[in-house]
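Some structures are shown below for you to check.
What follows is chain A paired twice: with chain B in the first complex and chain C in the second.
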Partner chain A sequence: MSRGEQTLTVSAGAKTRPRKAATRRQKQERLVAVGFLAPFMLLLLIFQYVPLLVMARNSFYDYSLLNPAAEKFVGLRNFADMIEYDDARRSFGITFLFAFGVVVFVIPIAFALALFLNSKLPARGLVRTMIMLPVVTSSVVIATMWSFLLDPSNGLINGALDIVGIARQPFLTSTQQALPSLIAMTLWQQVGFGAILFLAGLQGVPSELGEAARIDGATRWQVLWNITIPLLSRTTLFVVVIMTVFSLQAFAPAFLMTQGGPQEATNLIVYHIYNTAFIMQQAGYASALSVVLLLVVLAISMVQMALLRSRWNY
Partner chain B sequence: MATTRIRRSALTLVIILLIIACFLAPYAWVVASSLKNQFTVFGDVTPLSWRAFVPVGATIENYVSLFERTNILRALLNTAIVAIGQVVFTLLLCSMAAYALTRIKFPGANVVFMLILLTFLLPIEAMMVPLYQVVSGLGLSNTLVGIMIPWIASPFGLFLLKQAFEELPAELEDAARIDGAGHVRIFFSIVLPNVKVPMVTLGLITFLFCWNSFLWPLVIVQDPARQIIQVAIAQQGSPTQLPNWGETFAGATVATVPLILLFLVLQKYFTQGMATSGIKG
Partner chain C sequence: MKIYAIVFASLLGATALNATGAQAQTAAACTGETVTLRILRTPGNYPYPKPMEAWQKENPCVKFEVNEVPFPQLADTISVQAASSNPPDIIVYDGPNTQSYAAAGILLPITKYLPKGWDDDILPATKAEHSYNGEVYSPGIEQTTVAMYYNKKLVEAAGVKPPQTLAEAWTWPQALEAFKKCQQGPAGAAAVWGLGPTRFGNGQPGLVYQDLTYQRSAGDPKAAPTTSAYKTFWAFAPDGKTAEGYLNTPEAVEALKFYQSMFNAEGVAPKVGIPNAFFDAKACFYIDTPAAGNALIKDPKIEWGITPLPYFKTPVVHTGSTTFGATARSKHPEIAAKFVVDMSWGEYAYMNVSQRGNLPTLKSLFSRFDIYNKYPMKVFVDQLQSWGQPRPPGPKFAQYDKIVSEALRGVAFGGNPAELMADAEKKVQRILDR
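Right after this comes the complex of A and B.
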């Protein structure tokens, strides 16, 4: 802008008139832009940036949500507590394990489903609809459904195990099986979404590449391993990050199916934060936990953006 | 050659049956059991028979008692109000902002865009505690407005529409501008009618997100009269506490069927939106 005005004063004369008119128009344009943007930006600031500041500030305080006025500045005490007591470490550990378990299984299965859907298939639309059902079902309904499916005495899965001749399993009531059960459920819930993302990636792979390799004598597996999979590395990274970030924020399974138990074996971090803030009324400590979770998720997203920006073109 | 073809189609069939068993059977069991009494539900599972997936001797008594005993009707109504409100305002605000960012030149556009971009990375479930304080500080706790207002300025929605707006050719509006049309008129009568597909996609994904949201409504609303459907069915109980499985299944069915119908009818918009953006509710 200022540079434009400088050239304006230098050139002066006949050019001044249209230039001035343009500035008036520019001002008007700016006003219109503010009008169009203001409602969105106002809500964004109030409900995204203000909570962010509130959270950062409150992580240095000791207070309860029932009586926030009686707050006490405690410095880094909340963060020190996180190191001193092992609730935070355990909860984050369980959450990472959960996310890892989900990702490790979602990626290959979703990819295989995408390959299946990308092949010549009768009733392809129907298959796609079926695997998408859990994606559009709420996590509350899925958690409810699965806690009945996994019920030790009358659940459907134990009924099926009976038929195959496998002993009945305790699932959610066992410290060893509870977390794997939640991983299996989340896998079931998310795999269709992963498959759709992979399918979109597969459809972007030029088919001539594979056909040329096949003519040169490559087997199907070689084409898959040496051409298709490397070409989908961006998509894969994208799916890995989305599934990780989603799993780190899981709440309904722990809240509805296990209450974090047995013996805190499924005490996922968002459930732990919820309990700390709203049940135990230690909102300062909960804010500190939230800050750490936020930083973890941000770090993962940053790594993704950095990797996606680097050139991975084949 | 012929045998490999037969083997391949046999394999395909097996995979399809496996997918049906994994993805369709649980739904069939829940819906069928919602139409049975407790005895039959248990009897059909141990030993497991095909009857578990079929409503043999269907009765609607679970649904009758669900609607009589709980305030699920109220919760459904509340959810519909919140979801429709959220869809309308998200579409309006996101499209206005996307218009400003793509069709108006103004200084600071990059800063504004960065501010929006950054919020895209914030994990919303990690923000519940401070968000609760902000929203209740505004006096909006225990209100339907409080449930929807934090999500209206959706960075995801903005990106989806911004992308669509950028693809619109500039010639579309040039003619109108020469005729003296202002931005408001260009926005409503030229740009919006040409981005129907992304608008529908965003509307559907917003509806899905809103209908299925749980943690935030659980936190911000305690008043049972303002409860939404997911919280209502979550409070019905677990297998061990609750004597009546059928009624819980009826609740789950009622909470899911509207969304699945919507999904079946408008599936291509859902899938398209999710595949291009990689984000879901």
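Right after this comes the complex of A and C.
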């Protein structure tokens, strides 16, 4: 440590108050807290962090789940393969597009619904139930139901289009329409969750600010744009991060509705990882894909937090 | 309260007596150490209780612990359990995976346990599918293949007369004409489809088991091995080292254009599944295994018949069924191999096969199944014996199956056949090169 650094440490230490010795009660409380936390920390360690380390280690090996004992150390080959072959690039690209589509639509619609739920308009209870039902319904049920709705021959949506004179659409069997169809389904499923989060945020905004602005002559729109939305930036950040992470981890729609097709148009990265490990029997490559996904999710979350960091507080 | 106590005591007593009796019976019969064989199978699959109980009478020291998983999760479960410290002793699995499991060291070779005469009695396609590097890994019990069922009422109303023998079998263009005549409603959105969707997977087209035969039948196994006609028929190099030049051939592309037209331009087949379409009279024709025929014999919902699977140049049907084998890391390999072989031979094999009604793998058993000796179910036996080919076998079959199925599905949904097959060849090669 240099002399300058020492001086800085001393001066910094001089500014902080001397720490009081913990009382017996405080020590007891800490012990209780540790006791409560320990089992969960242990589970977190065993089921989250240890598997992460094992996954990181496996990403340098080539092996099949059928015979893991025959693993081969391949160094960075799995990562090099991600560059050499286009499967990872395509799958990540599709997943980003999916996540972008979900976030871009969920945020404004969820916010609009939250505004409605926060108002004194009629049928709020009914709307709240309607938008929350898909959130609590099993993904398998939703995927099955939407598969029937989007049936290219006899689906309900095509039936409705037929009535208004629009030609039948292929939806899940078209390379152009399959991903937008999955985005629409995910939007329908997740928008309720986003709305409830926004509603919680709206109910925390002090009403005096809006009232004062209204007295000063601000219109409803100006109050919304200049007061409510800025004050909800923390909630918005949370919803954006949560929806992005949910979307990047999406598996059920690709697995149950499209099996990644047609022509890999919906080959979301988590489904691709599953497919690579369990069907293609390239568990090492699947681990490498998982490591990259983890880093990508971390990076995106950090960027989003930096960009959307709140400048206002209440 | 007193009555409840008496009833409870009686039940307890009866249970205890019953248990004692059962224990006494086993103990009396078994003089050695008891062995528990752990079986992993799919629900409703063999080995069935009746032959197992009969076998246990001859082998009283063997007990069974059966675990079941649904078929779609079977391969994943085997992947996980086979590598565990305590793998099952016997696994029921999809037959074409035999070479994958053998190469991975999961299955125990059972050649030395096979009875005399097995080689002559087994169907050649079954033996080819269940062998790897000169060793047999599964004796097989059942064999299936697909043929085309038809709804008699609907096809007669359309004035169509499907052939009933292999000699008169339709070509695909002839079959398409029949589909078009019989279909009711607009192309692509019919009320009654010309050709109904498969019941396998999620009902979408593209499965290798059913749909790779379109292009294979456009090939010619008798052509010179260097020709595209020969390669089209085999769809995979016989030495299992490459698929390049075997999927994207002019013959295959031509056949696939026809295949694609059925789902698009002609609109005689749906792109997605419709549960029970054929059984609910919503399809004139339908491709399925003998299981559908057996179900219709038990519960004749519709009047039906069977016509051989159509073809382009060379008739071909895929064989294969679930099968079973002893695991190499079983704690009791000898007894597991004995059980597997016994269950697939002689009377036990008959008991197992007759339970579900699929075809046997032993030629000697065919005569014992009356339904397979006469039309309509005889079509399956004839096809199996004259046209049967295993799906392209190899230690990477599961990967090949997935890649090629996706490519075929892409074609059915309107993708470019040549591009999709070229891409499939590359993907298969990448797997083989690892």
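As a working rule, the second predicted complex is superposed on the first by the 258 of 314 C-alpha atoms of A that agree within 3 Å, B and C clash if a C-alpha of one lies under 4 Å from a C-alpha of the other, contacts with A are read in each partner's own complex, and residues count from 1 in each chain.
Basically, a contact is a pair of C-beta atoms (placed from the backbone, for glycine too) under 8 Å apart; a residue touches a chain by one contact, two chains touch by 3 or more.
Keep in mind that this is a model prediction, so the values were computed, not measured.
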* Asked: Is A:A252 in contact with chain B, with chain C, with both, or with neither (first, second, both, neither)?
  -> first
* **Partner chain(s) touched by A:S147 [first = chain B, second = chain C, both, neither]** => both
* Does chain B (first) or chain C (second) touch A:N275, or do both, or does neither? -> second
* Answer with first, second, both or neither: which of chain B and chain C does A:V303 touch in the superposed model? => neither
* Asked: Counting residues of chain A in contact, which comes out ahead: chain B or chain C?
  -> B
* To do: Tell me which partner A:G261 touches in the superposition: chain B (first), chain C (second), both or neither.
  => second
* Asked: So, A:A33: does it touch chain B (first), chain C (second), both, or neither?
  -> first
* Is A:S174 in contact with chain B, with chain C, with both, or with neither (first, second, both, neither)? -> second
* To do: Scan A:P68 for contacts with chain B and chain C and give back first, second, both or neither.
  => both
* Structure fact -> Dual-contact residues of chain A (chain B, chain C) 65, 68, 147, 151, 154, 158, 278
* Structure fact -> chain B contacts chain A in the complex at 12, 15-16, 19-20, 22-27, 29-30, 41-42, 45-48, 52, 92-94, 96-97, 99-101, 104-107, 109, 112, 115-116, 119, 121-135, 138, 149-153, 155, 158, 182-184, 187, 208, 211-212, 214-215, 219, 230-231, 233-234, 236, 238-240, 245, 248-249, 252, 255-256, 259-260, 263-264, 267, 270-271, 274-276, 278-280
* To do: Write out the stretch or stretches of chain A touching chain B in their complex.
  => 1, 26, 29-30, 32-34, 36-37, 39-44, 46-52, 54-55, 58, 65, 68, 116, 121-123, 127-141, 144-149, 151, 154-156, 158-160, 162-163, 188, 192-193, 196-197, 199-200, 238, 242, 245, 248-249, 251-252, 255-257, 270, 273-274, 277-278, 283, 286-287, 290, 293-294, 297-298, 301-302
* **For the chain A and chain C complex, residues of the former touching the latter** => 62, 64-70, 85, 147, 151-154, 158, 168, 170, 172-175, 259-264, 275, 278-282
* Asked: For chain C, which residues are in contact with chain A within the complex?
  -> 75-76, 78-80, 82-83, 100-101, 104-106, 188-190, 202, 204, 270-272, 274, 398-399, 402, 406, 409-410, 413-415, 420, 430-431, 434
